[in-house]
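Here the chain labels run A, B and C in written order, and each chain numbers its own residues starting at 1.
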């Protein structure tokens, strides 16, 4: 149905964004590619020069690399699962007749307003702390031993914090999409006497397919580079249990000040992100058409 | 090359635009610790005497500050006129020629009054490259009431065996009292600061004279075994993610029998507004094993001027004011002697009024004086630094090794595994960095 | 038809909704409560909920110590400016991709998203060098550009998704009437897209508001937003949770107000769509 004219106008409309993004991508990427082949430590500028693949080899053979890769995937996968499932349920709930819906909605969205470092500090010290935290108090009140979150379940702790931050994002997008589900369609479904479950699976879920895809794609991008939460809670420890790829790159860039290594790490991260995105598109990407 | 040409052009442009201004504005990057915050409230004293200088503060937490100023000075971004940096950075940056030597601090500055241990850490070839604003070491803080109840007396300079024994006796997990709280959170400035200082007292060192990593040596194994066993028996839950502030909160809530950490904590634990145990705290030197070194560190926050700055004169005036005896007296007159920035000048510790206001003064001084950044441990080392190694690569290596050690503390690996990993990793990194040929 | 009006149903969902809202909101509530405690009280076990000596001292300290308004103004300028800038480029692009897709649209969309895959910390030094050379360090313009470009892919994606939801037949009808493409956007599509655009704006403002890597590393004083304000309260030597809670409460207050108003906007958009 796209006419020739509208296609042309379409191209013109898309062009500025594409050009800008292209520049935004290519300039830092070019510089990063260049630096990734250099020996360049900010604190030691005298030892510099072309080193070829050395930075890549060092990053990839880092003993923590495989663990970090696995941790990254677990973190992204778990947070996606939690936020999407809970996000759908909450979005559907918010679509029901609730007194004071506006306020409830604001409460659900609110975690997104908090800066990652702050929410990580609040969770670690005020909630999850095994001695003085709120959760520990609940456990003790119930006569149980408090969970020592960051010692025994460090990655799970990080997952919970990050999932809490991103749940509002999923909820907001899915909820907005639900609202565009026609009132007429809803009523028609009710006329047909569809039960709540068949209504949910036959009407709501298919309608949410595309927004869910969008949530997954966008969250993945952000989740792949989570590191502020890790930095302020565990610094990647104990051991390497909470070290992800982004934290490894952080360590190269802002602990070692190894610009060459950080650049190589950044490129590796981009490649990995693209691989992840490729599989995601395979999994959920068909919803992008239509 | 074109980038360098470009940046040279940009620098000169920037310099021109700066030189144009008549009244000078100093942008000061600083850390958000109490003493620095207090200084910001007292700057009127300085600006009154120097009406042509305005001060602008950029206050940041330690990690952010460090990454911010390091990026800026290394790329010659020129965003700051005065930098607050630690004793770790000063020797490295001075060696790179990034800092202005402070030759004009004024006639009454009295450089010789600076504590020798602090001064030697920030000097290069006899020249001062930064001026210390406050200094600290580490010591034992302990609960006098709990010791009394258990019938133990803390000596002034205890051994590790005594400390471990007392910690196990004080521990009563049912009432959430833990004999000893120590750092466990991974990081070069977190658990590794403590463990490196502790290892010095056990006679261990990071590197031998030819930069070979020493984690395969028995002294390190003794250190880590001792630490892990002690924390398992007498430490609080969650120790592997506890840093300075987590332990401070535990201690102030009355959960720790002993805590070994920065001397600056003394003023927090004795402050009744922040601490439930303010009147029950005693102090002692950090423990030793009889090998001649105590397990205490040495740190100072210093003010420095980046090389290439257009405002050296004004900046030096400010630094001279902020680290002078006059400033000490100013704080004392406005906020009391207990709030004076500690750990930089001999004259402060000879001042009877300060000794009266700060019961921990003598121990702080003894701790600082017993640390020697050029001879941190029993055996000779090729590096400077007590609880760190002043080489650019240390932040990264220290943090990774810290991760291995925190895993040993959390029980996720054995001490031997952690040491083997640390040895392997450090050797690889030092080889890559060109120290090991 | 019982689904819609039964009071029992409303009661059940209201209770459930508030319970879920409360659980999700609890950490923030706890933080706000903590901001009214003393540092000592913040760590008391068992914790005190509402019955403690409420104090404003943390807010007084924060107020005395830093120029909150300047940071807040910078945050507003940066978040608002970058959102506006991103929308100017994103609306035409998303509209075109949604309504006259070509065979390359899907690829372009994915490619746009992939520009966000570079971990920021890996490009810090190259970016810092660029900013220094173009004298953009600590300027509003520089940060607005970075934030707008950083969020542009997200904005395009969200708008694209919402635009896709707009029924085709309406578009066809207006085309029959001879409406031009621009009129199409202004009079037909934009009103229908209001809820989508509103929630996109909200999300983008939040993302820009909380962006704590570039805003911290590329600003000094003049352009420093609330992320820098927070960084001066987090993790000093000494107890800081009550003060940090107070600072954080102040930092989210403006955006919470915005959230409140914008969601009324969302509701209005909804009713518009329902009446059509």
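Quick note on the criterion: a contact is a pair of C-beta atoms (placed from the backbone, for glycine too) under 8 Å apart; a residue touches a chain by one contact, two chains touch by 3 or more.
Predicted, not measured: the structure shown is a model, and the values here were computed from it.
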{"item": "Maximum centroid distance from chain C, chain identifier (CA atoms)", "value": "B"}
{"item": "Leading chain pair when contacts are tallied as C-beta pairs", "value": "A-C"}
{"item": "Chain B-chain C separation of Cα centroids, rounded to whole Å", "value": "38"}
{"item": "For chain A paired with chain C, centre-to-centre distance based on mean C-alpha positions, whole Å", "value": "15"}
{"item": "Interface hub residues of chain B, defined as touching at least two other chains", "value": "63, 67, 71, 75, 176, 245, 249, 253"}
{"item": "Sites on chain A at which at least two other chains make contact", "value": "42, 125, 131-132, 252, 254"}
{"item": "Sites on chain C at which at least two other chains make contact", "value": "43-45, 124-125, 129, 231, 234-235, 241"}
{"item": "Of all residues in chain B, those that touch chain C in their complex", "value": "3, 6-7, 10, 13-14, 27, 31-34, 37, 40-41, 56, 58-64, 67-68, 71-72, 75-80, 176, 244-245, 248-249, 252-253, 262, 264-265, 268, 273-276"}
{"item": "Residue numbers on chain A that touch chain B, as the complex places them", "value": "41-45, 47, 58, 63-64, 124-125, 129-132, 146, 148-152, 154, 231, 233-241, 243, 251-252, 254-258"}
{"item": "Chain B-facing residues of chain C, complex", "value": "38-40, 43-45, 64-66, 124-125, 128-129, 132-135, 137-138, 216-217, 220-221, 224, 228, 231-241"}
{"item": "Chain A-facing residues of chain B, complex", "value": "63, 67, 70-71, 74-75, 92-93, 96, 176, 185-188, 190, 236-241, 245-246, 249-250, 253, 255, 392-393, 395-396, 399-400, 402-404, 406-407, 409-413, 421, 424-425, 432, 434"}
{"item": "Interfacial residue positions of chain C with respect to chain A in the complex", "value": "1, 3-5, 9-10, 13-14, 16-18, 20-22, 24-25, 27-28, 30-31, 34, 42-47, 89-90, 92-93, 95-97, 99-102, 106, 108-110, 112-127, 129-130, 149, 152-154, 156-158, 161-162, 164-165, 181, 195-196, 199, 202-203, 206, 209-210, 212-213, 227, 230-231, 234-235, 241, 244-245, 248, 251-252, 255-256, 259-260, 263-264, 266-267, 269-270, 273-274"}
